[in-house]
Amino acid sequence: MRIAVFATCLVDGLFPRAAQATVELLERLGHDVVVPGGQACCGQMHVNSGYGPEAVPIVRNHVRTFAPVLDGEWDAVVAPSGSCVGSTRHQQALVARRAGDDRLAHEADLVAARTYELSELLVDVLGLEDVGAWFPHRVTYHPTCHSLRILRVGDRPTRLLRAVEGLELVDLPGADQCCGFGGTFALKNSDTSSAMVADKVDNVVASGADVLTAGDWSCLMNIQGALGRRDTEVRTLHLAEILAATRERPWDGRGGTGRGRGRADGRADGRADGTTRGACAPATGVGAA
Amino acid sequence: MSVDLGMPGVRSQPAATPHDPLRWGPSFPDAARGTLANTQMRANLRHATHTIRDKRLAVTAELPDWEALRDAGSAIKADVMARLPELLERLEESVTARGGVVHWARDAAEANRIITDLVRAAGAREVVKIKSMATQETGLNEHLEAEGIEAAETDLAELIVQLAGDQSSHILVPAIHRNREEIREIFTERMGDAPEGLTSEPRDLAMAARAHLRARFLRADVAISGANLAIADTGTVAVVESEGNGRMCLTLPRTLITLMGIEKVLPSFADLEVFLQLLPRSSTGERMNPYTSMWTGVTPGDGPQEFHLVLLDNGRTKALADEVGRSALHCIRCSACLNVCPVYERTSGHAYGSVYPGPIGAILTPQLLGLGEAHGAGSHDVTATLPFASSLCGACYDACPVKIDIPSALVHLREKGVHADAHPSLTPMGAGMAVAAAAMTSGTRFRWATRLLTLAGRVIPGTRIRRLPFPGSLWTRSRDLPVPPTQTFQDWFASRERDAGRGTGEGA
Amino acid sequence: MSAPDARTEVLARVRAALATTGAATRPGPGPGGGASAGPLPHDDGPGTDGHVPADLRDPHAPGPVPREYRRADRSAPVTPGRLDLFVERLEDYRARVVRVDEGGLRAALVAELRDAGPVAVPPGLPGPWVQALQEEGLELLVDHPDRPLTPAQLDGAGAVLTAARVGIAETGTVVLDAEPDQGRRVLTLLPDRHVCVVLAAQVVADVPTAVDLLGEHPERPMTWISGPSATSDIELVRVEGVHGPRDLRVLVVEA
C-alpha cells in the first residue's frame, strides 16, 4: 500500500520519534510511505478551546494537503494519534459546515473516512496483529480518552502489544481514567489537571511497568512530565516506537523524544536523566546500533 | 437555610451563602483550588463516585438492550424538545381535567411567589419537602423562610445539608461531602431532638432522622415536590425515590405543590417503560429504586385533595433556542455524568458554584443564565469558565442514559463564551490562538515555526524544562516540559529522501 | 395593552426558541447547525469506502423513536424461570419472600402477620384472606372508604396486608395501583411491615410489559415498590427502612 503519514503538529515539532517510528514500521512491513508537504495541524486545539471559526483555515489546509488520497494517489492516511484522527473524523466537517463551507465539510468527511489511527490501520486495514517487533520490556498501556471513547480503538493496541516478542504487558490500574491533559485544560485548570495526572502517575508506578505507552504523545507528554517529578525510572514511549523496535534494530533504551538508533549524529548526547531528547536520527542505510 | 448558628463544630460548606443558587462563588479554577485542598471531601467523593460508578456498570451490563434503551431515551427527548409547546398544552389540559391546577412561571421569582401564595392560601406556616432540583434552583426554601414559612427537607441527605447550612455537592447524594462523623456532629448540634448518645453508625443516624421527621409528616398540611417526569397524554406525574419520604409528602398532606421544569414532560404513558429503566440504573445503580410514586391530578379519597403543578421556564427557553446546547435539557438528573467525571471527582460539586454541578452543570448552568447573550460579559463572566471545567475525556457521554453529547456541548459553549467578547483575539488566549492559527494554516509557515522550536532545542541545555515563567508555569508547576528536538519530523523525512536520491516536497 | 400572562409568555418563548432553529422540521444537521464536536460512538471502526459514517448525523435531531429494546410477550404464561428471577431480585433488595401454593397461603398469611400487632387491611381484600386472619384472632383495622383510618391509627398498626397489581421479575418490583384490594397509598406507607400477596399470574417479565398493563388505567395512583425503604445517603452505606416500611414481605402464590 501507499500510505501518507500525517505526523500531527505536536509530534512533528516535539516528538518526531513517533512519526519516524511510524515510517520505519510501515516500510518494514513493505509499504510505501509518503509524508505530504504542506501538512500542519488538524485544528483540534482551536476547536476545543472555543476558537472553532478560527480553525476553519487550519481544517482547509489539512483537507487540501491530504485530498490526494481521494484520487487514489495514496491508499490511506495514518496518524500516530487517536486524538487528531478523532478530530478529523468528528470535528473538521462540523466546523466547516457551521462556517457555511459545505464543500469543505464534505471533503473533510471523505478524507477523514480514509484516515486511520496507527492501531486501526495495522489491525483493520492491514489485517495485522504481529508486526514482527521485539521489545523485551515490561510495558503498561494507557488508553487515551480519545482513542478509547471517540475512535473506540478498543483492544487493537493491546492486541498489537501482546504480539510483540519479549514484551510483558501489565495492567494499568484505573487505565480508563483521564490523565488530565485535555489540551488547554492543563493550563486553564492547572490545579485540577495536576491532581488528575498525579493519580495517573501513581497508577503507572503501581503497575510495575518499566515503560508506559499510549497512542497519543499529547497525553504521554503530560504523564511523562509528571513522572519526571517522581523518583522513578519509568520511560515513556509511543506505541509506534515499540512496534518499530526489532532484534536487528532494538530500542535504544531512551524514553521520550530520544534520538535513536542508527546514525550517531554527534548530538545524540545521551543525557542520561531518563527523558532523553534529540533529533530524529535517520534510519535509512545505517547499521543497527 | 444557611444561617450560622455560631456552633463551633459544624462549619457550612461552602462558607459563604450563595446569592443565587444557580451561580455563586468565583470562577471554576479559583473555586477548584479551594476544594482540591479539602482532602477529607476529596476522599469522601472518590469513595462515593467510584462506588456508584461500579454499581451502575454492573446493573447496566445486566441489560442486553441497554444501548437500545439509551437510543430510545435520546430520541424521545429530542422529540419532546421539538414538540414542546403542544406537549405542555396537552399536559396542562390532562392535569386540569383530573382536578389539578396548572401554573406557569417565567422565572425563579415568579415560581417562588406562586408557591408562597399557594402555601398561604392553604393556611400553612410550615411545609414538608421532597428533594427537588427545581426548588433548589429557585432558592425556594430561602424564599419561604423570608416569608415566614418553614420548609423542612425530608430526604436524609437534604436534611443533613439543610441542618449544616451547606450547599449540596451532588445531584443525587447531596451530602456526599460529609462523612458519618461529621453527620453525627451535625445532628447532635442542630437537630434538637437528636437522641442521647447518638453514634456515627449510618443506621443510627438514619433512624434518628426517621424519628425526627415522622411527626412532621403527620402534621403537615402542605407538601412541595419536584417531578422526575410528567406525561402529557394522561397528566400523570412521577417521583422516583428511595427512602419513602417522597411517599409521605405525596400522600399525607392535604395540598401538594409540584414544581417542574418545562423540559421534563414526556409524550405518553408508554414512555415510562424507557425512563423507568434508564433512570434508576444510571442514578443509584439499582435495577429499580425502592419507591416510585405516580399520580394523576386528584384522586378522591386517596392522597392530597388539592394538587398544583407549577411549570418553570427560568432560562430553559434560552437553552432551547441553542440548537447544540438544547441537548442539556434532555437531562433526567440521574447524575451518572458526575460519578464518572474525573474533574468532578476531584473538585467536588461546590467548585461549580451551582445547584447543577458536574459535566451536566457545566453545560446547563451557563445556558440557563444566558451565556453569550448581549448582556453576557464574555471572558469576564465567571459562568463562562464552567464549559472549560472539563478535559473532554468523554466519560460523561458514555455514561449518559439519554446520550447527551456533553463534550460537544462544552466545546460549543466555549466558543459561545469566547466570542461573547467583542474582540476575542485581544485576550491573551485569543492572541495565542491567532498566532497559532497563522502558523497552522500553511505548511510552509508551520515548518518554519517548528524549526524555530528545534532552534530552541539546540540552545536549551538538558533534556527537560523544569520551570517556566507564567503562563508556562501553569504547566511546569507539576510537570516537566521536554526540550524540543533538534530536528523536526518533516525535516528528517525530507533529508532522508534527499539522501536516498528522491525528491522532496517541501512547501505548502 | 396589559403584559402577557406567564403562560402566554412561556409558550411564546418556547415557540420562538424552536422557530429560531427550525427544530420541529429539521430532520438532520444542515448548514450552520448540528455541530457535534466531541465524542460520537464509532463502534465498528472506520469505513474504508469513503462514505461519510452514518453516525455523523446530529444525534440530538428529532426523528422517529427507535424502540429496539426488549419487550416480553404480555400474554405468555408465567414460567418457573420468571418466578425464580422475581424472587431472586426481590431478595437481592432485601425483601423477604415466601413462595406458597394456593393451599398454603392461609398458613403463610398467619405466619407473616401473627406477631405484628394490629393489621391494617384495604376494604377489598379477598374474603378468604380476611377470614384467615380473623379466625386466628388477629386484630384487623379495615380502611373503609366511608370510615378511613386516620394517619395516627395507621401509624399505630403493626403491619398492612395488601394484594398487588403486577410484579416485575427483572427488577424485583411490586406495583400497587390503589384498587380496593390494595387500598389508598397511605395504607402501605405508615405501618412498619408490609405483607404483599402477588399471584404468579401477575408476574410479568420486564418493565415494558408492566407499563403496558398499567397503561390501561394510567389515572390510578401507583406505587412501585422494590424492596423496603432504603437510603444510601451516608457514605453510601445502605440502610433499610427510613420512612417507609422497614420490612417488606412478599408472598408469591403459585397455582
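Note that the chains are named A, B and C in the order they appear, and that numbering of residues resets to 1 at the start of each chain.
By our rule, contacts are C-beta pairs under 8 Å (C-beta built on N, C-alpha and C of every residue); 3 or more make two chains touch, one makes a residue touch a chain.
Note that the coordinates shown come from a computational prediction; the quantities given were computed from them, not determined experimentally.
**Q** Per-chain Cα mean versus the mean over all protein Cα atoms: which chain has them closest together?
**A** B
**Q** Taking CA centroids for every chain, report which one is farthest away from chain B.
**A** Max centre-to-centre separation from chain B belongs to A.
**Q** Chain A to chain C: how many Å between their CA centres?
**A** Distance between chain centres: 49 Å.
**Q** Quick check: how many Å separate the C-alpha centres of chain B and chain C?
**A** Centres of chain B and chain C (C-alpha means) sit 26 Å apart.
**Q** For chain A versus chain B, what separation do you get between their C-alpha means, in angstrom?
**A** Comparing mean C-alpha positions, chain B is 34 Å from chain A.
**Q** Using the touch definition from the top, which residues of chain A touch two or more other chains?
**A** Expected reply: 47-48, 52, 146, 149-150.
**Q** Counting only residues that touch at least 2 other chains, which ones in chain C make the list?
**A** Residues 33-40.
**Q** Taking each residue of chain B in turn, which ones touch at least two of the other chains?
**A** Chain B, residues with two or more chain partners: 392, 394, 397-398, 411.
**Q** Under the definition above, what is the set of chain B residues touching chain C in their complex?
**A** Residue positions touching the partner: 44, 47-48, 51-52, 64-65, 68-69, 71-72, 74-76, 78-79, 81-85, 88-89, 92, 98, 103-106, 110, 154-157, 160, 173-176, 179-180, 183, 202-203, 205-206, 209-210, 213-214, 217-218, 231, 233-234, 236, 242-245, 247-248, 250-252, 262, 269-270, 272-274, 276-277, 284, 286-297, 299, 301-303, 311, 313, 317-318, 320-324, 326-327, 330, 392, 394, 397-398, 403-412.
**Q** Can you list the residues on chain A that touch chain B in the complex?
**A** Contacts found on chain A: 7, 9, 11-17, 19-20, 23, 35-41, 43, 45-55, 57-58, 60-61, 65, 145-146, 148-150, 176-178, 180-198, 221-222, 224-226, 228-229, 256-257, 259, 267, 271, 273, 275-280, 282-285.
**Q** How about chain B: which of its residues touch chain A in the complex?
**A** On the chain B side, the touching residues are 28-29, 32-33, 36, 342-343, 346-347, 385, 387-395, 397-398, 411, 414-419, 424, 429-430, 433-434, 436-437, 439-446, 449-450, 453-454, 457, 462-464, 466, 471, 474-475, 477-490, 492-496, 499-500, 504-508.
**Q** Can you tell me which positions in chain C touch chain B when the two form their complex?
**A** 5-7, 9-11, 13-18, 20-21, 23-24, 33-40, 59-71, 89, 93, 145, 148, 151-152, 155, 168, 170-173, 178, 184-186, 189, 207-208, 210-212, 214-215, 218-237, 239, 241-245
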